[in-house]
Amino acid sequence: MMADILFTAEGVTKKFGGVTALSDVSMAIARNSIFGLIGPNGAGKTTFFNTLTGLYRVDQGRFTFDGKTLNVKAPHEVAQVGIARTFQNIRLFGEMSVLENVMVGRHVRTKAGPFGAIFRPPSVQREEREIAERSRKILDYVGLSKRAGEKSRTLAYGEQRRLEIARALATEPKMIALDEPAAGMNATETVALRQLIERIARDGTTVMLIEHDMRLVMNVCQHIAVLDYGRKIADGTPAEIQKDAAVIKAYLGGAHGEGEGSKA
Amino acid sequence: MSGIFQDRRKSMIALGALAVVLVLLPFVVGAFGQAWVRILNFTLIYVMLALGLNVVVGVAGLLDLGYVAFYAVGAYTWSLLASTQFDLHYPFWILLPLGAFLAAVAGLLLGAPVLKLRGDYLAIVTLGFGEIVRILMNNFDKVSLPWSDTVYNITNGPRGITGIDGMSFFGFKVRAGTELFGLQISGLQIYYFVFLFFAILSVIGVWRLQHSRLGRAWQALREDEIAAKAMGINVRNIKLAAFAFGALTGGVAGGLFAAMQGFVSPESFGLLESVMVLAMVVLGGMGHIPGVILGAVLLSALPEVIRYGADENVQRSVFGFVLIAPEVLRNLIFSLAMILIMLFKPAGLWPSPERK
Amino acid sequence: MDVLLQQIVNGLVVGSVYALVALGYTMVYGILQLINFAHGEVVMIGALSAVFSSKWMLAMGMGPILALLLATLLSMLICATVGVLIERLAYRPLRNAPRLAPLITAIAMSILLQQIGILVFGRNYFTFPELISKTPLTFGHVTTTPNEIMIFVVSVLLMGGLLWLVHNTKMGAAMRAVAENQKIAGLMGVDINKIIAITFAIGSALGAIAGVMVASNYGQAHYYMGFMLGLKAFTAAVMGGIGNLWGAMVGGLLLGLVENVGLIFVRGDYKDIFAFVVLVVVLIFRPQGLVGERVAERA
């Protein structure tokens, strides 16, 4: 089954001082699939994530996206290319309303500048209307339209996670990367999240899922890669991963500390 | 605009009432003396300054403690090009845009090197920038080039520039005042309307900016820079835009200040002035335009009222002697009020509402 | 060359005072992430109290050295009290408030203390009695005074003492813990409020000594003296890397040196600009300050 490939990592290596956080990591993500990236704490998941989203520079190797080398010099270019992300430790714009948070996501696909803002020519008015309408639709999509006017910091935890996804979707990404979206969620919320993720992929956005919740990953992903100590130790379908000896060893026998060493 | 004007009809009535008050104000106040009209005009200048700084600090979250430098650029642009200093007398429609432009350039010059600085580092560098501008104004009365002995007097140093032209429209000099329908209108009262015009323009401009794509990007930057970047916002550009717009507003206010006063000196542009404008923004309610206007009105008018109320004569009649110099008492009450407001309303007197 | 040497000596003397004041800023910043704008005014209060108390002591027939010691001690006591009161009344209630609220309070506190300074002491320039000789001493081509030597030596001793305190005592460990992470320090049983109060007391007492030094060096004190001094000292602290004790010392000395050595090349009118130009340049190339550690951007 040769699927249409959207994203690849080719021999990506990242060092911090003397520590190799990522060592020769390669993977490929098929378009419109849900791809899981798992691994014990400190395995390098978040480092991988931050590297591909432009927060860190790679030392060796490269990423390709949509057939081209992903060459981002600043974090903000990543969204332009079509990769949106959420954050492990939710980073919403707390004092802005729920709707405004999503509207910020439209920034990268719109263009009004300071003069447009002040003089408001018809083109800018149209753009503003389009931004608001589209953002409302996205809020509806994740089930938050009732909270549109509230400040985002007042939302419940699970709602904040969904808002982050909505905000990322507003950038019209080809791929959305979710960093531990189920963390801190209860069972009902996780089920709703799973349905949302599946819907996003069905509607044509590739999902890259970095997760701890093994059940969620196994249930929702078509393909999974496993990192351990900065190396990829396995790659395959959920069924294959569940049987993989190296993975089992890493998860059960690993002497990893509980501290989240992959943070930064 | 905000929650208080829910109903369109109600808001029209409120606006109408506000307009009537604003039109009558200089005449009511003028009945107590022209000095009060001048205070009123200063209030409008501070409203503009506070609105401009609000974009930088309140909306974009960039702590700027040298904002008055841009006000100074505007004031000195006007003063040097329309005064007896060099015997240049350009008209206002050149001077105001030029002052605004130069101030914006100064804003970019300040902004560019400090883009990477965060929080308090940014505060102290902008503070330093403000001091540099003030010290330069103080010392540019004796500029000499290394290769020549000629000494140029550009700013007239601490003595300041006098003999500055007022504003004039088609040969009509504002400062002279006029008579309209048998009503004596003083120069200061005409300036009031000019300033009011620019203040309203600033309100509209800032409101529109804040509720635009750029304004949302600024707020996102203020709330979380990393998340803003992940949303594809070019943080560098919007920071520069914030500095430039804030500076531009300050530059216009500076030009108006010079035109009304006819005299400028570096003393008017010290750190305390920057601090005062910042206090207006924070006390009123950062990022919330009505709050910021309230802060500007309170902090610019209140000290004058206290000074008047605690006048030496008043004190003498109450205590039989002058207990505290009015100037000291003013600053005392003023600083105490600032502390108390912050202690009891840390988000400001009129912060933005919880629901939008 | 002689001029350079002379200016280096002058710079070290002024710089050591900047460093002492900078320590007050940096200690508070390290613990509360607050620019304590009022610190310059605390220094002013220290200087003015010493002016009045030492004059009174001299009039009572005390010897100059004893008068200086007692007056300094009294100033330290007054300033420490003022510092602790400021924290208790104005900053503590705002510890969890929006970031700019305490800053505005600090600025207002600075104005308030200036007014109190005027009310208590008056608006005049007050001469500080010459308690330690200012007769010039010449070493080779460099001239200094016993007073200047005293300033430098005492500053260095105080800085050494502070470093020892912070790194070798239980209280110092608690201070470092609170600066590192208040929540965890609290869980470990550190009385955070007490440590913060102590920090303010120590910083203010150091400021008092610096105030006495400045007053004795220039022979006068004034209610407005704290403003520029505080500004420069804070600049020095930022330059060195705010929150870092070594940074404050390095920044202070460096600022003193740059200002005085710079005088050889540029007219004195621009002296006050140096501080800020150097600051801007340092921060552009080392945004975390000279000694400060780079804080990685967290994702």
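To keep things simple, chains are lettered A, B and C as they appear, and every chain counts its residues starting from 1.
One rule holds in what follows: contacts are C-beta pairs under 8 Å (C-beta built on N, C-alpha and C of every residue); 3 or more make two chains touch, one makes a residue touch a chain.
Here the structure is a predicted model, which is why all the values come from computation and not from measurement.
Nearest to the global CA centroid, when each chain is reduced to the mean of its CA atoms, is chain B.
Relative to chain A, the most remote chain by averaged C-alpha coordinates is C.
Chain A and chain B have Cα centroids lying 44 Å from one another. For the pair chain B and chain C, the distance between mean C-alpha positions equals 32 Å. Annotation: 48 Å between the Cα-based centres of chain A and chain C.
Looking at chain A, residues 55, 87 sit in touch with two or more other chains.
Among the residues of chain B, those touching two or more other chains are numbered 226.
Among the residues of chain C, those in touch with two or more other chains are 297-299.
Against chain B, the residues of chain A that register as touching in their complex are 53, 55, 74-80, 84-85, 87, 91-97, 99-100, 103-108, 110-114, 116-118, 120, 124, 127-128, 131, 149-151, 154, 167, 171.
Within the complex formed with chain C, the chain B residues making contact are 57, 63, 113-114, 116-121, 123-125, 127-129, 131-132, 135-136, 138-139, 226, 271-272, 275, 278-279, 282-283, 286, 324-325, 328, 331-332, 334-336, 338-339, 342-343, 346-347. Listed in rising order, the residues of chain B touching chain A in the complex are 205, 208-209, 212-217, 219-220, 222-224, 226-235, 241, 245, 287, 352, 354-356. Chain C meets chain B in the complex at residues 29, 33, 35, 90, 93-94, 97-105, 107-109, 111-112, 114-116, 118-119, 231, 234-235, 238, 242, 267, 269-270, 272-273, 275-277, 279-280, 283-284, 287, 297-299.
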